[in-house]
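In the two complexes that follow, subunit A is the common piece, with subunit B as its partner first and subunit C second.
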Partner chain A sequence: MNPALFLHLMSIESRRLLSYRVDFWITMILTLIVQLVVIWALWTAIFAESGKDIVAGWDLQGILAYGVFVFLTGRVVRGGDLQMAVATEIYDGSLSRFLVYPCNYCFTKYAQQLGNIFPDIFQSVLMALLIIPFMESSTTVDLNLTGILMCLPSIFCAHLLFFMMGLLPQMVAFWADNVWSLSVMMRMVTMLIGGATFPLSLFPDSMQSVLYMLPFRYLFEFPTLVLLGKVGIEEWITGIVSCLIWCGFFLLLLIPVWRRGTLRYTGVGI
Partner chain B sequence: MRYLRLYRQFLSFSFSRSLEYRLDFWFRIIMDCIFYVVEIAFFMVIYQHTEILGEWNFDQTLVFVCGFLLVDAIHMTVFSNNLWWLPIYVNKGDLDYYLVRPVSSLFFLSLRDFAANSFLNLVIASGLLGWALMRYPEPIPTTNLLWYLFLLLNGALLHYTLQMFFLIPVIWLHSNRGLTNAFFSTTKLGERPDKIYPKWTRRILLFVFPLLLMAAIPARVLFEGPSLELVALTLGISAVFFLLMVSFWNFALRHYSSASS
Partner chain C sequence: MIEVKNLRKVFRIHQKPPGLLASVRSLFRREYVDKVAVAGADFSVGEGEIVGMIGANGAGKTTLVKMLSGIVHPTSGEARVLGYNPWDKHNDLRRQISLIMGQKAQLWWDLPGADCFELLREIYQIPRPEYESNLKRLTEMLQVEDELNTQIRRLSLGERMKMELIAALLHSPRVVYLDEPTIGLDITTQKAVRDFLLSYRQDHAPAMILTSHYMEDIERLCERIIIIREGELVYDGNLKRVIHEYAPYKQLTVHLNRAETAAVDKDYLERIGKVMEEKAGTIILRIPRDQVTSAAAEILRKFSVQDLSIADPEISEIIELIMGGNEKPQR
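Up next is the complex of A and B:
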């Protein structure tokens, strides 16, 4: 795809997202407040009632920092509201116009998805700048410039992986009329076993070894651990490479599904 | 009686409609089951690191979580589909068709579509609650249990009432995606034991935005007995919020300007 067209699609999508500014800010501010209240209340109660200073390698301030940053990075990884766009286009027939465009459909969607995350990045950075001054120091995390710089490529890889994982359930729309529940299922599962709810180190050891073999941890936990200085350079490089290998794996799954799906597609919705 | 007959017709249409999309019918059932597993797994992991959370042990929290799942299942079955469509009706002007019918517009719009696929999940959620109650090691007095179940039903109605407060502004805002997302985020506050919150947050969640009345306070009634204070608080606040919501709806309708509003 022409890079200029790719950037143009991104730009259109960013501006579209900002067309409902009230929605955009209400969603961010209220969800952040709720997230802060829930994690603060929950972890304060856990540390107070268990009488422990360290839980699964985290002190209270460290796990609160994890909760805040996994929320902020997770918003960027999930990116905007395109989670059902592909399924909707297949269902209502509007996929047809994309098929006659002289550009690849998946690249078009990815450009839109990337355009969706720039306003999210702006919001997340703004919120982080507001919150960081109120965060107390932790003995288990180290927020520094190196971590921030290492985190950026981790987030973009996670975003690509999330996009590719999200396409699979949406392409089921070639065979079924209504598949939003599949996307919701994937979202719920990835939130828990991807580390968006809490770090995977809290799971029992036997489960952790399984969870670390799956791709989900690269979506939320890995970028957040990198940001919080809990991942060394070697582990970071291994993580990025593993994440890209998983992207390749999902790409290999997507190609035959897309081919079979488009053969079956009738554009009946138009 | 007229409204009961009408509701029977709603049920009949809803079951027929849901069977048109059979694959979706099963997807939604699996989706809700995964939601139940994720909710329970969350607390199973948390209780690996503490024995008590918000003054409750794991058995008590499990009953509380299953109670919340039941409230959610009732909401999903009875109200959810209808509330999903409401903003679309407002923006397309289709609300007009509901306003001219000779029944309460709020009744019609809130109850018309009964989610038959979620009904199966309601059965599963009831089973989970039954299982949590059966494995609860302490004896549960029948009075406590009856009050608990009644307050859970009240919790489902309160869930609907609170969501309506986030939906009605679509008449002015035109898009309510932000408010809907915000509502679903805030319900998380009600998915945790009430005593984990500090005093001022707890008061807000009891009196200003009473999410704790949906499942946490009913669970407290089950474990501690139906004190007049807790029951009166739950029913009183729910009634006040319901009446406020009805007034807000009527007020909003006066500002509804039909198609393309």
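Up next is the complex of A and C:
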């Protein structure tokens, strides 16, 4: 795909989302308030109940910071509202127009997905600027410029991995008409074992060793730990490379699924 | 430009009987039936030719168009479009074809037309000067220059279809598939779309396949038609000739003098031909072609006639007969 088209698709998607001004601000304010209340209430209660200052390597301020930043980075990684777009286009036949255009459908979707995250980036930065002054210092996390710079490529790789992992269940729509439940289930599992709810270090040891072998941790936990200064440079490089290898693995899976899927495609609805 | 040989498509369709019990049963065991959408199509379309594809709903027209545009893979058979196999989805082919689906918006709903066209310029890699001159010409022809900055979703159906046409023709395609391009449009807009398509054909000489349920589209735009019935091509030929091939009769309309009106012997008329209508001194008869002259002479002899005319039946009438499987080819 030519770079100009890629950028154009990104820009159009961003403009499309930003044109819904009311939705933009309501989404940001409401989700921020709800998330902050849930994180604060949950972890304050857990720490008060346990009577400990440090739980699995986290103090209360540290785990609150994790909760806030995994939410903010997670918004960027998940990127807007394209989660069901591919399945919907297969289901209602809108995919047809893309099959006639002389460009790669998956690249088109990825460009749109990237364009989709700009409003999320904007919102996440705004929310972070609002919250950081009120955060108390923690002995277990260290938010600094190095972490922020290292976090950016981690988020980019996580976003790519999330996109590729998300495409697979959506392409099941070539075989099954409705994959909404499958996508929701995948999303819940991904959030849970990817560290979007709490760090994987809080899972039992036996589960941790399995979870660290899976790709999910690179989606939410890894970029957040990088941001909070809990990942060394060597571990960071290994993490980025592992994430990209997983992207390659899913790409290899996607190619035959797409080919076989488009063979079955009937373009219903036109 | 388009060559189709024995092209066939069979869909496997899940049958879901009504009722809750059947729905529960279908969770464990499903029944499928094979539906032949296209049963071995053979035809070709040359440069500058507009071929009208006619058939009842579900006859297989759209499936054929979807196969030729590379959206759907055939079950068997061959097709070459500009020398390419369409379902190989070769970009060199996709840059030269276009598909307009009247029932499905293809433009970006939330964007104004100008943004959509700019995006299509990138997709088709149209050089900027060519793009600007094409856009100016097309918008002027369809009179939508003032609507370019309006979001697509805020346009009327007619304006939206005009935008769809511009979007589909911006890259000057050599093959155009039009699937019911005038569906739902008012008469004025339908005419504007037809005039526009004729003008496009004159300038670019593309091969066009048009499916439509509106006979006026077909009569205005196509010299050749293909009639599909239950997936089978039952007629492929000149639009005008369909009458001679499939209508073994002519229509005789007789206007009688006022005094004659009451004295018409219906049995007598039935012996001459089939009475289609008889009221207020006007009689319409359907008469075998080879008996028209003698029938007209006999009527003139028998009745006091004010006016008499002989005409071929309406094309739409013949096509309806063929589509319904009631035709009798004149051999």
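Going forward, the second predicted complex is superposed on the first by the 270 of 270 C-alpha atoms of A that agree within 3 Å, B and C clash if a C-alpha of one lies under 4 Å from a C-alpha of the other, contacts with A are read in each partner's own complex, and residues count from 1 in each chain.
Here, a contact is a pair of C-beta atoms (placed from the backbone, for glycine too) under 8 Å apart; a residue touches a chain by one contact, two chains touch by 3 or more.
The shown structure was predicted, so the numbers you read here are calculated from the model rather than taken from an experiment.
Contacts of A:101 after superposition: subunit C is touched, whereas subunit B is not reached. Of the two partner chains, subunit B is the only one that A:45 touches; subunit C does not reach it.
By the touch criterion defined above, A:179 reaches subunit B but does not reach subunit C.
The partner of subunit A that touches more of its residues, comparing subunit B with subunit C, is B.
Of the two partner chains placed by the overlay, neither subunit B nor subunit C lies in contact with A:126. Of the two partner chains placed by superposition, only subunit C is touched by A:2; subunit B is not. By the touch criterion stated above, A:24 is placed in contact with subunit B alone, subunit C being left untouched. On subunit A, the positions that touch subunit B within their shared complex are 20, 22-27, 30-31, 34-35, 37-38, 41-42, 44-46, 49-50, 52, 55-56, 81, 175-179, 181-182, 184-185, 188-189, 191-192, 197-198, 202-204.
Those residues of subunit A that touch subunit C in the shared complex are 2, 4-5, 8-9, 12, 15-16, 19, 93-94, 96-97, 99-103, 262-263, 265-267, 269-270.
On the side of subunit C, the complex with subunit A involves touching residues 11, 62, 66, 69-73, 89, 91-92, 94-95, 97-99, 101, 103-104, 106, 108, 110-111, 115, 118-119, 122-125, 179.
Those residues of subunit B whose C-beta lies close enough to touch subunit A in the complex are 21, 23-24, 27-28, 30-31, 34-35, 38, 41-42, 45-46, 48-54, 173, 175-179, 181-182, 185-186, 188-189, 192, 195-198, 201.
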